[in-house]
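The structures considered in this document are given below.
One chain, subunit A, links the two complexes that follow: it is found with subunit B in the first and with subunit C in the second.
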Partner chain A sequence: MAATAAAVVVGRPVAPEQASLWSDAWRRLRRNRLALAGAIYLTFLIIVALVALVYTPYPMAGVAVAKPYSGPSAAHLFGADALGRDVLSRVMVGAQISLTVGIGTQLIVLAIGVPIGLVAGYFGGWIDSIVSFAVNVFYGVPDLLVALLLVVLLGHPGLDKIIIAISVTRWMDMTRLVRGQTLALREREFIEAARAAGAKPLKILFGHIFPNALGPVIVQATFGVPAAILFEAFLSFLGLGVPPPQPSWGSMAADGLAAIRIAPHIVVAPSIALSLTLMAFNFLGDGLRDALDPRSRR
Partner chain B sequence: MLTRGTLIYISQRLVLIVFTVLAVSSAVFLGIHRLPGDALFNEHLHGIEYQNVLHHYGLDQPLFTQYTNFLTGMFLHGDLGESFVNRGVKIAPLVLREATVSAEVGLFALIFTIGIGMLLGVVAAVRQNTWVDYVLSTTSVIGYSMPNFVIATFLLLFFAVWLDNTTNGSFYFQIGWSGTYGSIGEIWLPAFALGFPYASIVARLTRASMLEVIRQDYIRTARAKGLRETVIMVRHALRNALIPVVTILGPLVIGIITGGVVIENIFGIPGLGKEFATSILNRDYNIVIGVFTMYAGLIGIANLGVDLLYVVIDPRIRY
Partner chain C sequence: MGCATRSTRARVAREKSLPTPILQVRDLRTQFATDGGTVTAVDGVSFDLYPGESLGIVGESGSGKSMTALSILRLVPDPGRIVGGQVLFHDQDLLQLTGEEIREIRGRDIAMIFQDPQSSLNPVLRTGFQVDEAMLAHGKSKGEARARTVELLKKVRIPAAESRYKDFPHQLSGGMRQRAMIAMGLSNAPSILIADEPTTALDVTVQAQILELLADLNRELGTAIVMITHNMGVVAGLCERVLVMYAGEIVEQGPVEQIFENPQHPYTWSLLKSIPRVDALRHERLRSIEGLAPDLLHPPLGCRFHPRCPFRIEKCFHDHPHLEHVAAGQQAACWVTMERARKEMGADQLIDIRPGAASGVHPGELL
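Up next is the complex of A and B:
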């Protein structure tokens, strides 16, 4: 009882501080024009991907809705591909694939990296040794090649296989970050106070340490999304992505590259969409890092 | 420079590379042999014919025997087996030749990356906060965000398509590869596409570390001695600014090797990366194992080379 009362007294002046940290970060983020542009573009992209669920100008697999290889026109803004499919519709559906892979991978990475990082950093000892060893092993291998091999070993191509393969090769960044944050935070007085108050390790980890590491975790997750999108594009480009006729920006670029001389628009549209998306996530990540952790500003 | 300690270090690392190759090839071998189906599936073989082919590849033996045969073949005879698709083609000489092709392209890309990256980094540092600096910073963000196949696409659009159209076909880049090792006229564009993203990282790093170094006292001393500015920058500043750049060489080399998978496919270069993608799509699993074994060795040796480079650049480092 006494402990709770003390916590409330200590907690009250802390609360407005907490609120001002996030509003402060928001204020700093709004001033970063590149990050803001990135956020606006990504919002637009998410809307496009959602709209594509219910509406595309033409069916994404609809063959011969236009003259094959025909350039951009009023009816087909991005032109048509080798099979006469509408490129705009396919780019819109491709946005779904990219965002699903990017965000899905990060959710798995968070689900793996956060608990492992917290436990390794907090308890140390042999658990930490094993985790650190595994992280270093995975950093030593060429991630793209391993992801390629994993897609093959997991069997037939499919979105779930791709997400698993990319997660397996990208979980280390988050684990290492959370472990580092936990190592620093566990020595702080408020953690000691929580421990003295009799809080269980689970409560300390997820109730006290994790909320305080949330800023860097958000930044890391934001940078992780474009990395995963890039991997998916690579896999699709090599023909190991989602099976046709499902479009992906990577496979569309590979198809378009074959016809680069006669119909450059086929390769240009998905390439630009992909580059803009990666850039937007990177700018947003930069902005979030500066906003959430002003000390790290370079 | 080549002290006894260094030699011991090199031999330790070489042993480690052998073990890495063993581990990687075993993992790929066992992983792949669990998979259903292979290149033979497409041939619709039956009865005795099928048994003969299985026997030819030793696939009728238990997995453990296959594995020990694979290991003794690899380590004692340098034999990685035979292709499933092109029957009779030995894999070891094939992937060895392809590895040298990939290494050739990678080396060009590396020279380009480090050369251009450092040059731009130094220029940006010396002309800090001028338009040169801003243009370079912006380009490096773009270079870093673009996948290399997108960079290759835009390079091809410019050098192959646009240049062809504007000069009426008298001067443009022709996609292709002659002989085993190609020619300078065919290598430069893929090497450029492969190195561009990393050149921008090298440029950023060089800029940052140059800015730190040129404020040091010994640079002021060099100026006070009346040395020419270029001598100060190249001999005194750049050499020390190089050390942080060398630290990213390891990831950079891995990046160039993996990037080669895509670039070699776009430009039709008969290297390890092209073979890798083709063999996976063809389910030619023996080649997949061989290519991965080759990659493990290549990456191990490249990393060793990078570590030895530290000693050359920074005399304080000793192994």
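Up next is the complex of A and C:
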């Protein structure tokens, strides 16, 4: 009797598109035009940033490679700045810096937020109280103030300092998200089943809870990248970002501001690059949120 | 699951005549601190489990049967706490072990499977991988685990086990998921498998298959099974011995056949009366048990079943009965017992089953 009934069970059709959660999400992401455009633009930007490591049309710090303030031309597609430096070359290197800051910051934020959020959410008690208190304190102080203070305190300005300073003001969102996810997931029956099977706490946290929280975490990190990029641009605009002659999109815009009437391209080029990048990340984040949301199965 | 298998099983049980229990639960007490006060979900539960035996624990929801099981493995959810008693496994009190030591026992010596196979498998991990993990947690290598998983999936009769290994839980049917859970439970060849309502979430035909599978595994592997259920039919089909729980206490225990034929506690009697029977006469009404399960925040004084019991006597209102020997291997916690209820109160002809109906003891008259 078991054999025949088991055969019936085999016969139950399984929809081919259900192959896995990820392929399912990927299928839905591809249907979202804006998200796809964002992903394509970002891929292009990453390639540009990588190319800029080995090749730029002109040296990015090369002074007087063109006539100062000269507008876009065939030789200098984005024109030249006040010192006669090629704006295209500088925007390319700027992409490198923006991506490094954006992604670097999010990696640190993940490294801080994920373990702390998991531990606080799973164990609760005093650990959770301390974490929640710290999160609230950091939300309470203005992030610009903290970042400025850190940049000054950490001494020598540099990309690494910027990344650390931004991370310190940005770790709370991720921590809170992971903590909340963990709180909800730890009550699920499969966690109880894992415990009943003798799984160790670390295994439960990283092997069972984290994979289930991965969707929201990815979305959060994707939204975190443009926020960090914008923050860096802002710091650089204020002159507290990457040190010259390193071209950050923010410092380029600040430099060009003085001559905006006679040579608007100096401001416009990095600003457009910045805006497109921010938009692309946000569209991609939105798309990922829809694609990874289990309730929006379509 | 007809009479033939049951009597065979009873004979096997008699022949075994096992002297040393593998698990001895002694006066187990688990409480929940709630805003309204303390709820004693498991209240002085004691029982023995013998190697290779299949023991049923039945009771309504809230009777403490699941909490008893969770207490054995120390998996009681917050804000519950085990406040007293002993759980002796091979003469080792599980309640005294460190967190690390009890973790070693879980899944290796005592495994547990849960009610809803849909939610007890991690949705984002491949099914086979999850079975592997149960073994990796207890020191098997990846290669060993993988090979054994496929073997186990075959053993629990999952068709095309090799390809099912890579499937995600949502790609399996409910029955297959429960089979995978059972494979997971058996992966470390535990000496005890606790099954907490393993068939409740499945449809009837699949239920029968799963029970049959458990019975076969119990026979073949000698794994002792503790079957927690609210379904007397499941007990009849699978178990040799049964504990009946009511309001956190064991009210009757004994060999399944004996309990089915001659229940001594009015609660057990009522439970058995409330099973729909195919061979019942059309005009016979299905009996339900009058009243509601007691509020454990304020459990009734005396016998906890007295507010719903047709056979209650005055004593039941203020004296708490304890398990007493009523027949060979059978114990019941009742001041009256069905034997007396039959003789003196005409229990067999009883139509009115309202509280106190047979004995004529009503609270109003008492006062």
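The rule is short, and it goes like this: the second predicted complex is superposed on the first by the 275 of 298 C-alpha atoms of A that agree within 3 Å, B and C clash if a C-alpha of one lies under 4 Å from a C-alpha of the other, contacts with A are read in each partner's own complex, and residues count from 1 in each chain.
Convention: a contact is a pair of C-beta atoms (placed from the backbone, for glycine too) under 8 Å apart; a residue touches a chain by one contact, two chains touch by 3 or more.
Everything numeric here is computed off the predicted structure, so don't read it as measured data.
Colleague: Considering only touches as defined above, state whether A:Leu214 meets subunit B (first), subunit C (second), both or neither.
Modeller: Only subunit C is touched by A:Leu214; subunit B is not.
Colleague: So in the superposed three-chain picture, is A:Glu189 touching just subunit B, just subunit C, both, or none of them (first/second/both/neither)?
Modeller: The answer is second: A:Glu189 touches subunit C but not subunit B.
Colleague: What is the contact status of A:Val152 with respect to subunit B (first) and subunit C (second): first, second, both, or neither?
Modeller: A:Val152 contacts subunit B only, not subunit C.
Colleague: In the superposed arrangement, which partner chain does A:Val268 touch: subunit B (first), subunit C (second), both, or neither?
Modeller: In the superposition, A:Val268 touches subunit B alone.
Colleague: Going by the contact rule set out at the top, does A:Ala197 touch subunit B (first), subunit C (second), both, or neither?
Modeller: second
Colleague: Could you pull out which subunit A residues touch subunit B in their complex?
Modeller: 142-145, 148-149, 152-153, 155, 226, 230, 233-234, 237-240, 250, 253-254, 257, 260-261, 264, 267-268, 271, 274-275, 278-279, 282-283
Colleague: So in the complex, which bits of subunit A are touching subunit C?
Modeller: 1-3, 5-7, 9-10, 12, 14, 18, 20-21, 187-190, 192-200, 203, 207-208, 211-212, 214
Colleague: What part of subunit B is in contact with subunit A in the complex they form?
Modeller: These residues of subunit B touch subunit A: 28, 31-32, 34-35, 141-142, 144-147, 149-150, 153-154, 156-157, 160-161, 254, 257-258, 261-262, 265-266, 276-277, 280-281, 288, 292, 295, 299.
Colleague: How about subunit C: which of its residues touch subunit A in the complex?
Modeller: Touching subunit A from subunit C are residues 73, 75, 77, 103-108, 111-116, 119-125, 133-134, 137-138, 157, 159-160, 168, 170-171, 173, 175-176, 181, 184-185, 205-206, 208-209, 212-213.
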